[in-house]
Amino acid sequence: MFKVGIITCSDLGAMGQREDTSGALIKEMAPQINAQIVKYVVLPDDRDRIADTLRQWADGGEIDLILTTGGTGLGPRDVTPEATLSVIERVVPGLPEAMRRASMEKTPMWMLSRQVAGTKGRCLIINLPGSPKGVKECLEAILPSLPHALELLKGVESEHKAHHGIR
Amino acid sequence: MFKVGIITCSDLGAMGQREDTSGALIKEMAPQINAQIVKYVVLPDDRDRIADTLRQWADGGEIDLILTTGGTGLGPRDVTPEATLSVIERVVPGLPEAMRRASMEKTPMWMLSRQVAGTKGRCLIINLPGSPKGVKECLEAILPSLPHALELLKGVESEHKAHHGIR
Amino acid sequence: MFKVGIITCSDLGAMGQREDTSGALIKEMAPQINAQIVKYVVLPDDRDRIADTLRQWADGGEIDLILTTGGTGLGPRDVTPEATLSVIERVVPGLPEAMRRASMEKTPMWMLSRQVAGTKGRCLIINLPGSPKGVKECLEAILPSLPHALELLKGVESEHKAHHGIR
């Protein structure tokens, strides 16, 4: 069972002026990757506050995966990727590529998605978009790789690893 | 109407030894995104000079979009992406991905394109390749997303934003 | 004839506890790009040691292309991309994109490949995955672009360059 933290990045959400339907959807989809939500917070689109929370959760040792939602577009207040990049030690570019591919055939706006993913210590951090629709599309795109990703991060020598020789 | 600045990066061009057909093509295509060219310069492949111009134009507040052409390959003097990366505050990786995809089926050389895109303040900066053919392919690939990108950057709450919940 | 250096990154390999089948495969495939292997070393998954070797080889002036194998996954000791990023002066994102595309239809694990590529001086550095299967897939995917990439890096004005106007 993987332990997951959710950070919803939304000025309106943090002021209680918008219901967090995207965070709710992530909670709903969590069982699909055998994940248990252990932390959840709604933050304003403030780079430092998002980065601080990412750092604390990743360093805490309890959480395997942090999923953020929101703040990944081109709006002047969208800074979730920058907060994430300031915290991660290793980038995982293939995860955002997979998420952008997922919406490629649906809308040319896939090009504007600025999501990033990476690791800090043994914790994987992934940015999801802000809309429930985007969250669903993106999570579905990366779900097949997540259990293995989290096992690798923990240093578990998996069958895949043995077969494919990731050393 | 969006205001666009064009920077052509070319040692030969800056010495007056090569006609700037790529810059001319961008001017020709500008109306397709409802854009007006308000600045234009040909610079040598000098990282500092390119970065300085990007910074001045982005900070000037007049220009919504800077398009560069040239200096994105592997030649020893190709430094446009590095100049751009030194200036932008937020990376937009999907735009270069879309441009590389556009030439993927035409030539294996798409892999060597090093174009980047990102924002500084309310200005979007996009590297285009050096050849007229490349400029055309790449601009056509990203045109569908540009008007919306520039609206988002200005903080305009658009219908798309409302629909897709980019917050 | 291009001169190539191979760095195999593997804790077990460096301790003599694992045969370097991936390094051997790269040697076998080298003639396909008209390449001669001039240097070869097996290093533990130590960021500083990998970075030091990359730096020395790139600065030495003899080697045109350094291929690394291993250390590109999500295991706690996988640091080859970070060592590479600390050394390169210019990123070439299309090469890793092409390598990830190559395994996209085979396994969802393509999303977890963290390979990077870039240049230091006139030397091109490319991370390959750790497994022989992965090395073969990835090398085959990028081979068509490598001779031209190495010519461009050397400042050779090629027919392609003239045609496509990369300036």
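Here the chain labels run A, B and C in written order, and each chain numbers its own residues starting at 1.
Keep in mind that, in the parts below, contacts are C-beta pairs under 8 Å (C-beta built on N, C-alpha and C of every residue); 3 or more make two chains touch, one makes a residue touch a chain.
Because the structure is a prediction, the values reported are computed rather than measured.
K.L.:
Are the two sides of the chain B and chain C contact the same residues or different ones, given that same means over half of the numbers occur on both copies?
P.N.:
Copies use mostly different positions to touch.
K.L.:
To test your reading of the model: what rotation angle superimposes chain A on chain B by C-alpha positions, in degrees to the nearest 5?
P.N.:
Superposing chain A on chain B takes a rotation of 120 degrees, nearest 5.
K.L.:
Could you tell me the distance, in whole angstrom, between the mean C-alpha positions of chain B and chain C?
P.N.:
It comes to 29 Å between the two C-alpha centres.
K.L.:
Which positions in chain B touch two or more other chains at once?
P.N.:
93, 97 - these are the residues of chain B that touch more than one other chain.
K.L.:
Taking the complex as given, what residues does chain A use to touch chain B?
P.N.:
9-13, 18, 22, 45, 70-76, 78-79, 81-82, 93, 96-97, 100, 108-114, 129-134
K.L.:
In the complex of these two chains, what residues of chain B are touching chain A?
P.N.:
These residues of chain B touch chain A: 89-95, 97-98, 119, 122, 124, 142, 144-145, 148-149, 152-153, 155, 160-161, 163-167.
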